[in-house]
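Everything below concerns the one structure shown next.
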Amino acid sequence: MGMLNLVLGNISRKPATRLYPFEVRAPFKEFKGRIVFNPDNCILCGLCQKKCPPDAITVIKADKTWELNVFRCIMCTECVNGCPKDCISISNERAKTGAKEFIKVAVPIVDKPKAETPKADTTKAPKAAPSK
Amino acid sequence: MLDNVIQNITEIKSMPEVLKAVEGFKSDGYRYVTMICLKANEGHELIYIFEKDNKLKNLRYFVKPGEKPKSMSGIYLCALLIENEYQDLFGLTFEGLAIDYKGHLYLTPNSPKTPLA
Amino acid sequence: MSLAKSPWIIHVNVNSCNGCDIEVVACLTPLYDAERFGVLNIGTPKQADIMVVTGSVNYKNVNVLKNIYNQIPDPKVVLAVGACASTGGIFHDCYNVVGGVDQVIPVDAYVPGCCPRPEAILDGVVAALSILENKKKGNIKGKEVKLKGKEVPSNA
Amino acid sequence: MTTVIPFGPQHPVLPEPVSLKLEIDNDVVVGVLPSLGYVHRGLEKFIDTKDFNQTMYICERICGICSGIHGITYSRAVEKLFDIEVPERAQYLRVINSELCRIHSHLLWLGLFADGFGFESLFYECWKYREDVLDVLERFTGNRVIHSMSKVGGASRDLTKEQIDQILKTLDDLEPKVKNIEKVFVNNYTVKKRLVGLGVMSKQLAYEAGTAGPTLRGSGNAIDVRNTSDYDIYKDLGFKTAVAKEGDCYGRTKVRIDEIYEAIKLIRNAISKLPEGEIATRVKGFPTGEAIIRAEQPRGEVVYYVKGNGTKNLERLKVRTPTFANIPSLLLMLPGVKLADVPIVVLTIDPCISCTER
Amino acid sequence: MNTNDILLAVLVLIGAPIIGCIASGIDRKITARLQGRVGPPLLQPYYDVKKLLSKDNMVVNPTQNFYVIVYLVFIVLSLLMLVFKQDFLMIIFVYTVASLALIVGGMSTGSPYARVGSSREIMAILSYEPVLILYALAIYLLTGTFKLTAVLDASSPMLMYTPLIFIAMIVVLNIKLKKSPFDYSTSHHGHQELVKGMTTEYGGPGFATIEIAHFYEYVFLTGLIFLFWASNPIIGVLLGIIAYLLIIVIDNITARVYWQWMLKLSWSVLLIISIVNIAFLYVSGVQLA
Amino acid sequence: MIENTVMLLIIVPILFSLLFVALPKSLYKYLAWAFFIIGVALSVNLVLDGTGVVQIGEPNFAMFENIVLILEVLIILFILAVSAKYKNWPTLGLGIVSAALFAYTFTNVPGVEGASLNIDQFSQIMILIVNIVGTAIILFATGYMDEYEEHRHLNRQKIFYFTMSFFLGAMNGLVMADTLGWLFLFWELTTLCSFVLISYNMDEEGINNGFRALALNLVGGIALSIGIILLATKYEISTLSGIGTYAGTDAAAMATVALPVALLCIGGFAKSAQMPFQSWLLGAMVAPTPVSALLHSSTMVNAGVFLVVKLVPAFAGSSLGTAIAVYGSFTFVMCSALALSQRNAKRVLAYSTIANLGLIIASAGIGTPLAVAAAIMLILFHAISKALLFLCTGEIEHTIGSRDIEDMSGLINKAPLLTTLAALGMVSMLLPPFGVLLTKWVSMEAASSNPVVIVFLVLGSALTTVYYAKWLGTILSSSMDKNAVPHKKPETYFPLSFLGLAIVVTSIFVFSIYNYFIKPQVEILLKTAPVISGQAGQFTSEIGAFAYAAIFVVLALAVLIYLATKNMFTPRTSSYYMCGENNLEKDRLMFRNGLCSYEKSSVSNIYLQNTFGESKLTTLGYAISIILIVIALAGGVGL
């Protein structure tokens, strides 16, 4: 009768369900949600690209761009620990579901004047709009 | 003494001797743990690993190029998976496999052939 | 709205490390309870609407993926869950990996992460719902994916 | 005429792609031919392109269920190549992580197993409890199932006081809950009807077939790699090896439930003894030599063989996973069972195909 | 056939699926709550059917949908016959047609899973049909006729004289609703070694037909329970509901068993208690007042 | 002119049998067509002639009586000769006993002055079956036997057609004869025909089975002749109708003739292959399919139940009746259970035949007007359905080369018409609205007054559903491959379609059939007829109603809905769900196995050999059935 007690217990209690889209639990601060890149200090050394196990980061010195394939990143934090300039950090926000996403950032090299503001643009694959 | 050892491997020169040694292990109550295959001087090196009371024993055998080693699956049935795996990955041919997947354990006719060889 | 209220999924695990799989399964369990949206993990493709694919594609399961895709009646949506399914992830350059799921069948939505949280997967399902509705409205049919790389049937 | 049907690769009771060709006569299985390769990625080749640090992340993704233990075992193997001693605290952290993994994995298995014999509500119950374990794991390591907590040389994450309290609290909550589901698995009439006497392997057979983990211990063999002398600090923590003498699916279930209790005890023990100090040593140079390391994963013993050649890439990495060792036992257990029992017998070894095929 | 009859028939045709749909929704809701979940909306079965009807009609065998139509119309017919108080034995035979149509429909697809599922379902027939007919016999013994008129017009409840058959019928209900522990031929939600058993190859409108037929079947089967206390319709309906709830609870506290076990159970326990009950009726010669 | 028709019914078949011998093989087709048409005409004519008794008195009687005597001597000599030739000692022994009994009859039993043929409604029904179904089967045979013989390197068709036609004549005689002596003659003639046809293949198996049939039927014949002798010597009853008249419905009279009646019934049981005599009918399945269809399902075996039903007035309501009812229902449930474990289609049909005959006997045993009506109707409907099923099995065998049910999966793709007909045959055996089920329903309602019988019937009917459902599902399951080509010959397909149509038509007009044939017959037998009305498409008895018309309507509705919605939702054919591992080029039921090669999936049905297998049940069946017979006999003697 173990199971009977369990199911009757369940029905007499509130459901365990977290009503997800309507009721969101704040992510733990320890959670490795997504990679955040701060281009300000980046020296385009390419160490992060070297360290990244799935080759999610592409650093192109010539174009001065740093690119992350968000849908390939596995949240291993190798890049975070490996960056000599601490440009990469980790946020406990999740990356968005829906279309594929690349984060491509033009890197202002530090010794240049600060005038050139970093311009982040998020390129999205054309298909399918994500939901609200 | 450490329990997990790969040192002091007994080198064995001929296949019949390997078979005999493996049979000896079996009668001594050893379990077949696995076999490790390495590339070595054109051929392959096989390391058989056995275990009893949490202690390991190893045998090493060198497979000359083109040689067809004997399967241990007749002695230890569980050897058949790892032997089939090495047929796939290293292109070895084991003789007398209990179930011979003929190089199709993991790979299909389309996939790369003998990727580790 | 009929489709959006009753999405039945078929879970196809192709080359996944299980991380994504267990999170897909976790979506159905009490804490997340995808059935609130009418989601059922239905066994057969013939009754499914959403194909949830986890893992990258390898040479052995290309045909499995295509067959299952072809057996889902229209309108249908393919949801690639996890880094592997989306892009091949960490395995993208393994010798036996063809790549992400979109190398083989058309994918409609992607879920990032390795592995994605159940919440992210639920987001993906919700995203799939509107795509499903659009496909129904636009009468968009999934193309029959042809099987390439035939293997000669022996002992046929 | 016998019935011949494919069972898998895509099949609702198999969350993982593996295929069995079943030959059935009179509702009894007379022949099986497993078909593997649906999850073969070729990870052992990866060492050619990834350095030994990155390989840790690949090893973790051999399987997503006890990925933590894979990472730890890999680290231990490479550390053996370097011949370095890991700080005590890191060893304790590794044990805590391993045992949390074991609890979540066993709860997961209990659920899937229940689903395998059509007991949906029990399945949900197990997975509900598992979520609490995942929560503490997430706070500990930053991720729910793929933890990346270990690294060559020690641990990459430490436990804070607050996290430790949470772990202890979760374990306190969990214990009575496990007792509840244990009652069902052990006493429920229909469950026993399905499990008792099914897929029997004698002590001798299980030993000789080279099985590992609960599959082995469920047949009365008290063999557990955690008892080896060089396995982290397990020898200092003291634990009882769970065994059952039945040798059937019922026995294996009991072993896994007991292991949950043991794991809870081990974690409590480890936390109470947790020393202060560093969590990692610096690793310099590149690995050379050969090493073999075994570890006890939820599914049984995993064997890591690494060979370094003095470059940043390893020369050979070979993983013998527990399911790899247990699959041959399916060939022994399946013939003679009913078709309806196939999922149960397959699940009873707690198959993990992704690690089998890598 | 007067106007009243026609009205009643139309009412049944329209009302039964609505009740069945809600019953099935309640089932899913309660099951979810028993499992500690929120569960789908009450009208989820309706959404499901609506969706299925709007899907592509994918078949493996062009005639496979014929069988499910037969299944549907015969379920409806047996329900109508029940409502119009026809011969009970006859109703059971008509109901057998429906069950067989589904089985043959499953077999006709040729899918190995469907065929194994169907052959298990055939074995289910072997276990429940005798009980159903013995139930009919009990009605005859109590009223002197197989027509249901007498049962429905009686002033005392049949349950008083047929408690054992009632118990057997609860199990039959469980088998027929394909609920755990007897969900071996197909299972609504739980995962199954046979994929979706008999209905593996059905999808879209064909599967919608099966679902609609299930709605009617729910009503029909609870109707069979209702008969045990037909003298007071309110108690009768309550009895039906209680039986239904009981089955939902049983569904959640048991594992799936083998058909072999069920066959044994039914030919040993169910049949014997039914026969004992019948024997009692013979010997005592009681009549339903 | 009923006398002429009666004579023609016996003479025409014999004529045809001679024609078959005289004319070459190439003309058989036309002969068979002619025979069929004449058979239909004659039997319809007989029905139109109405009922009546044809008395044969002096001066013709002496001639006929001599013919009968000569024939009986010939039969016995033949039996003795063949059994001696093949050294079959049991048969020889039984033949000697028969000879002795014959000699005893000849010397000790007082002769009769005349003989009579009694054509009542029951005989009419039997005549219809024999002459319409029977000639249809012969017609089928002309399309069937060439191929059959080709596969077996035989050339014995002359004997085949001769015996088949001759058998029809004998059967006609049997169902019309009222004089017990004549009845016995025709009875033994059919036994002989059966023997010849069973051993048709002339191989060891055929001959052995032929002898088994002969031996067991001789046992029945001996019981029959002892019964006849007893009746004649003790009660001076020499006609079948005489027994009814003697016993009436008077319990005391019934009790006095119980022993001879029981003996006659045992003769009937043997003929109908009831347990424990069932083995001969199973053995008879080695004969060509038309033989099985004609002798062993629709006509000859019916002779046994015919006799039992005709004897109803002699045991209705008595304890003998109850014993017979229990015995019949026991055979019903036992053989249904045995059929469950069979994979050989002909054996399934054989068991099903025995089971249904058991049901008829059970109904007769119950002896209420309703039950007797059910018994007679069941004979009619069962004969048509079973003939169709047997012929279909034969044709299936020629199409796919096997009679194993498991091999028949996918038949719908290979031979759609044949499969549909076979499916119709099966459906008519177990589902409403078809006649067999209607009569089963009637008999169940009638049996509800007897607890043991009803429980047996309930179990038996569930088992019946199972073994037919299995088979039905198997032939209807699609396999998507179309390899075999059906042999579409008009001689084979006409009889099949004709029988299929007959099933539907008789089922639709079941009430008219009841009114015209059954009701008066039951009145003859029991003096009362069941109260049955046929209003509103319902077959309503005092305790229930069977709404067959409604079901026909609903069935038609289902077809209409299907046709209407077929185009509403355009079907798109897709491949099977094979867990993703399909092989689309070759056979769609193939899947890729572990060795990366393709393999065909297949599913066999559940046969429960371990519970219901012949080895498990047969002995039990023998034991119980023998006990039941002994009880019946003991009841007869008045113990």
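The chains carry the letters A, B, C, D, E and F, assigned in the order they are written, with residues numbered from 1 in each.
By our rule, contacts are C-beta pairs under 8 Å (C-beta built on N, C-alpha and C of every residue); 3 or more make two chains touch, one makes a residue touch a chain.
Keep in mind that what you see is a predicted model, and the values were worked out from it rather than measured.
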item	value
Smallest count of steps, each to a touching chain, taking chain E to chain F	1
Minimum number of chain-to-chain touching steps separating chain A from chain F	2
Which of C-E and A-E has more C-beta pairs touching across its chains	C-E
Farthest chain relative to chain C (centres taken as mean CA coordinates)	F
Centrality ranking, top chain (CA atoms only)	E
Distance-maximising chain from chain A - centres being C-alpha averages	F
Computed distance of Cα centres, chain C from chain B, in Å	38
Euclidean distance of C-alpha centroids - chain C vs chain D, Å	26
Between chain A and chain C, centroid-to-centroid distance (C-alpha), Å	22
Shared-contact residues (touching 2 or more other chains) in chain F	572, 574-575, 577-581, 592, 594-596, 599, 601-603, 606
Shared-contact residues (touching 2 or more other chains) in chain E	32, 34-39, 56-58, 112-113, 116, 189, 191-192, 195, 200-201, 204, 252-254
Set of chain D residues in contact with two or more other chains	3-7, 9-12, 27, 33, 36-37, 40, 42, 45, 57-58, 61, 121-122, 124-125, 128, 143, 146, 188
Complete list of chain pairs which touch one another	A-C, A-D, A-E, B-C, B-D, B-F, C-D, C-E, C-F, D-E, D-F, E-F
For the chain D and chain C complex, residues of the former touching the latter	9-12, 15-17, 37-43, 45-46, 49, 57-58, 61-65, 67, 108, 111-112, 123-124, 127-128, 131, 143-146, 352, 354
Chain A to chain E touching residues, read off their complex	3-4, 7-8, 10-11, 13, 15-17, 19
Contact set on chain F toward chain D in their complex	404, 406-407, 578-581, 591-595, 599-604, 606-607, 609-610
Complex interface listing, chain A residues touching chain D	2-3, 5-7, 16, 28, 30-32, 51, 53, 74-78, 81, 90
Chain A-touching residues of chain D, taken from the complex the two chains share	50, 53-54, 57-58, 61, 121-122, 125, 128, 135, 138-143, 146, 148, 156-157, 180-181, 183-184, 187-188
